[in-house]
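Structures given as structure tokens follow.
Two complexes are shown next, each including chain A; its partner changes from chain B in the first to chain C in the second.
For the complex of A and B:
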């Protein structure tokens, strides 16, 4: 690290680069740090800089029935939604590799990714009109779970597709010449290669769904609130430090989830690299 | 179990491009046939047709006399080794080799036994539990070969098997693959653009050019008796001279030619002034003389600008053959001169046009 060729070749240019990088990361994290600090204030309203230090708003959030219910609802919605999203996204990505026509492939790929750019409110209104029509879907979370899953499908699709595109395209033909039927090819050839990418897709899907508020506004039954919805209402009623405490907790969860995942996948790539280095010397 | 392969008048079109224009090929059980051609000649497409990975527009593929063109790849009992080897990266070497047996639902005892046999056959007995990523290129190729042979296929298909190996390893693996093929006695079709590779491994070489098979013959016959100028200059170095029924003509008599004489560089000699006689000869000027270990390669330019290549024994006294000096080349082995007669079909076409 001391005197790498890159550092030497960059020379004095690296100072401004470093400063810009630091400023950028401040822009990223400063608001978050402000939120975190306000959550430990002793006052009953949000104030910055905080006055004193206490964890009373945390204990408040964690013991309050309303917050706890909202957390549980969100957990359920996010879990089921993630499972659906992973299923649909993976199947879509797998199906795409089986298409022969290149034009059809690129069209369908686009159609899978475009929903990322569609505002959630469009889904929300659409699904809301469905729920008005179908009584079966009222007073439960099914439609919300489905809607959230649809929002998350593109993320899973992108992750899994990238995993599949890294694989040798000859693997499937070779498996078929070796006598494998398609279920065996999916199970023994495709899936083992993309498990990691499915996991990454799941992590993203979960994070997206857990944070999503627009669909919750439209599709939660009366009296039920997801965590983001609870935060939204809390922010409208009173700016209590409980709100920032809750968002700190949610952020921590996200950091743990994503950070844990990237640590895990780094270890995997490191292992793969070790293996190929061994091959090179063998 | 080794099958007879018969390909009859196969046509394949990809997009608007006619890749195979009526290809027919027969291979006896147990023979090694190599499809040799420049890139884009359709050789890999033909291999995929045999494997069932490429649909054909017209024509037939027969295994032991049975039509298989409607059979999906997994029911054809073919063993394919792809250019990239396509080993399953998440499986051990043993699991890779056992894959076809797993697909055929063979019991695990049998799987283990066959894996053992196959890895011994390809000289990798101790590697069962290794990951493909930890193997060298040559080892990966041998694993792919073992996997392709594990389910006892009727035919083995090799797609550019040496493309991913360095030169030294290539020559070793050519001999190795030939040994394994003979030991198993399996009908084999390989694709390559490397003529040395084709000559080393094959019983029969099929020269492909722009979607057709130009000539299918033993390596020696292809070299000695090419059917046309393309084959002659594709395989090794060839000097082409105008010729009639009697043999090569003097260069100024090209107008009377009814064919082309193929004279290989090793059949040309430098004539001393007292050897001239009234034999056929080509006068020219030395352009380049290079020593290549087993021979001198002498390049001569004739008055008409034609380049002629001649091989001289390595112990030749080459001091007189400096660039710019005049030499007269003659044919040292008139009986080995091959004349390609203009085919009657070609003449008929010319008349019709």
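For the complex of A and C:
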């Protein structure tokens, strides 16, 4: 979609704006390119530009027990955390549509967004103090999973809320007039409409939790590391190409999953739009 | 086409007042599980922190606030957050506008950068900045190739080296809401402004800015609040002389071994940050833009 009204009204300021933006995009590309290129060096230390080309650090990372364990721990934490966050974020978004009082709605909305503002280090210290008191929560990942879930709830809440705000508000009263109980309405009216947004929220929550490093600094049991924590430790020791190889691998995985997901969902919304247009004209 | 779209989304803007309020049982089952979860995961740590902060012989809060290192880190963190916020909102506005008015290849390049930044972890991006800024790192190599510099650069673990990385980490959070506002605003107003002979500056001030102002504020508030809790990027790139509040808290626990002071500082940081967010939320309705 070309945006000629905006382009016309911006006039000759268009060029400087484009130049500023293109220069700015370098801060996104350059660090990533450096990480990727340094991972294929043949040397045993990181050097830029890389010397030669080899995949030895990739095979090194993929066969190293420490990196593999860290990856598995992160997968576990992110899966459990995502399930909790999706469940609670969706419940909150559904509850929001059923509140009539403007003040209550605004408070609920704030409550579900505010975890984004919590400074992770201070929160991690708090969770750590809890684990000092409660022996049940020591030496396992339960507290880490709960804490990460809290930090991810806002993303799910935002996505599902935006889905619900596009829904036809007359559907629920209609279902209720026809005698459907509220659990049936949630199951048959609300959920089918927001399942795509729940999935989007889940993908986002998973990515957020998988990447989060600060809580795991404080809350992983001794000897257990999540992937970002393993990277943090490795970046504070001597810099080996294994670090950038692992970074490249996990980024590629994220780009494949998230890129694949957004292609899939774009196609779905495009198809839905076509269908609804057809239905409207028919 | 416009008619079709209006037909395709009927009633989305209408809100029937009657029957909008849920039943009591419904609200209880939908709202209570998340509320109980929030209570456990937020109140639990806060109570534990208060307990820990009051466990020492002296008053840990007084000790924290009278510690010069801590007070200096508070000012440093506030300054850092303010600079990062101003920079990300300004540059973010240009970035969002450029995505809207640029030719297709510029659009693709800019969106690609944004997505790379969103999809790769902060850890990976920080490592990338580290490798750029090391004395004989990638940046030095580029400058040397361009013939601009022959001796190693001193950026790694300095204040100057820390800022670009932090701005890069936070920029997407400012660009995304502004981009959403730029894409969705009314083109007819722009046409009207042009028809009535308004120049670029007047159009920007009278039409564009008022429509995206709210998004700039929401993005800015989010960036500011998140920057207050910055930890990893300043730790790796700023070095010991640039410790943020989060860095000082970590040092209290792990090197100074003063868990009570660390707990008091954590309470101050969480309380301060959440208070700033709540005030900004009441003033600018930030949450309503998100939720």
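The working rule: the second predicted complex is superposed on the first by the 255 of 282 C-alpha atoms of A that agree within 3 Å, B and C clash if a C-alpha of one lies under 4 Å from a C-alpha of the other, contacts with A are read in each partner's own complex, and residues count from 1 in each chain.
As a convention for this text, a residue touches a chain if its C-beta (ideal position, glycine included) is under 8 Å from a C-beta of that chain, and two chains touch if they have at least 3 such contacts.
Quantities reported herein were computed from a predicted structural model and do not represent experimental measurements.
Contacts of A:42 after superposition on the shared chain: neither chain B nor chain C is touched.
Judged by the touch definition given at the top, the superposed model places A:140 against neither chain B nor chain C. Counting the residues of chain A touched by each of chain B and chain C gives the higher count for C.
Of the two partner chains placed by the overlay, only chain B lies in contact with A:178; chain C stays clear of it.
Legend: residue contacts after superposition of the two complexes on their common chain; A:119 is shown touching chain C, with no touch to chain B.
Look at A:59: by the touch rule set out above, it reaches neither chain B nor chain C. Within the superposed three-chain model, A:269 lies out of touch with both chain B and chain C [touch as defined at top]. Of the two partner chains placed by the overlay, only chain C lies in contact with A:88; chain B stays clear of it.
In the superposed pair of complexes, A:193 makes contact with chain B only, with no contact to chain C.
Residues 167-168, 170, 173, 176-177, 276, 279 of chain A lie at the contact with chain B in one complex and at the contact with chain C in the other. Taken together, the chain C residues at the contact with chain A in this complex read 4-5, 7-12, 14-16, 18-23, 25-27, 29-31, 33-34, 37-38, 40-42, 44-46, 48-49, 51-52, 91, 94-95, 97-102, 106, 109-110, 112-132, 137-138, 141, 164-165, 167-168, 171, 182, 187, 190-191, 193-194, 198-200, 203-204, 207-208, 222, 225-226, 228-229, 231-232, 236, 245-246, 249-250, 253, 259, 262-263, 265-267, 269-270, 273-274, 276-278, 281, 286-288, 290-291. Note for the complex: chain A touches chain C at residues 3, 5-14, 17-18, 20-22, 24-25, 27-35, 38, 46, 48-49, 84, 87-89, 91-96, 98-100, 106, 108-114, 116-123, 125-127, 129-130, 132-133, 146-147, 149-150, 153-154, 157-158, 161, 166-170, 172-173, 176-177, 182-183, 186, 207, 210-211, 213-214, 217, 228, 231-232, 235-236, 239, 243-244, 247, 250-251, 254-255, 258-259, 273, 276-277, 279-281. Those residues of chain A that touch chain B in the shared complex are 167-168, 170-171, 173-181, 184, 188-189, 192-193, 272, 275-276, 278-279, 282.
Residues of chain B touching chain A in their complex: 51-53, 72-80, 82-84, 86, 88-91, 99-100, 102-104, 131, 133-136, 147-148, 151.
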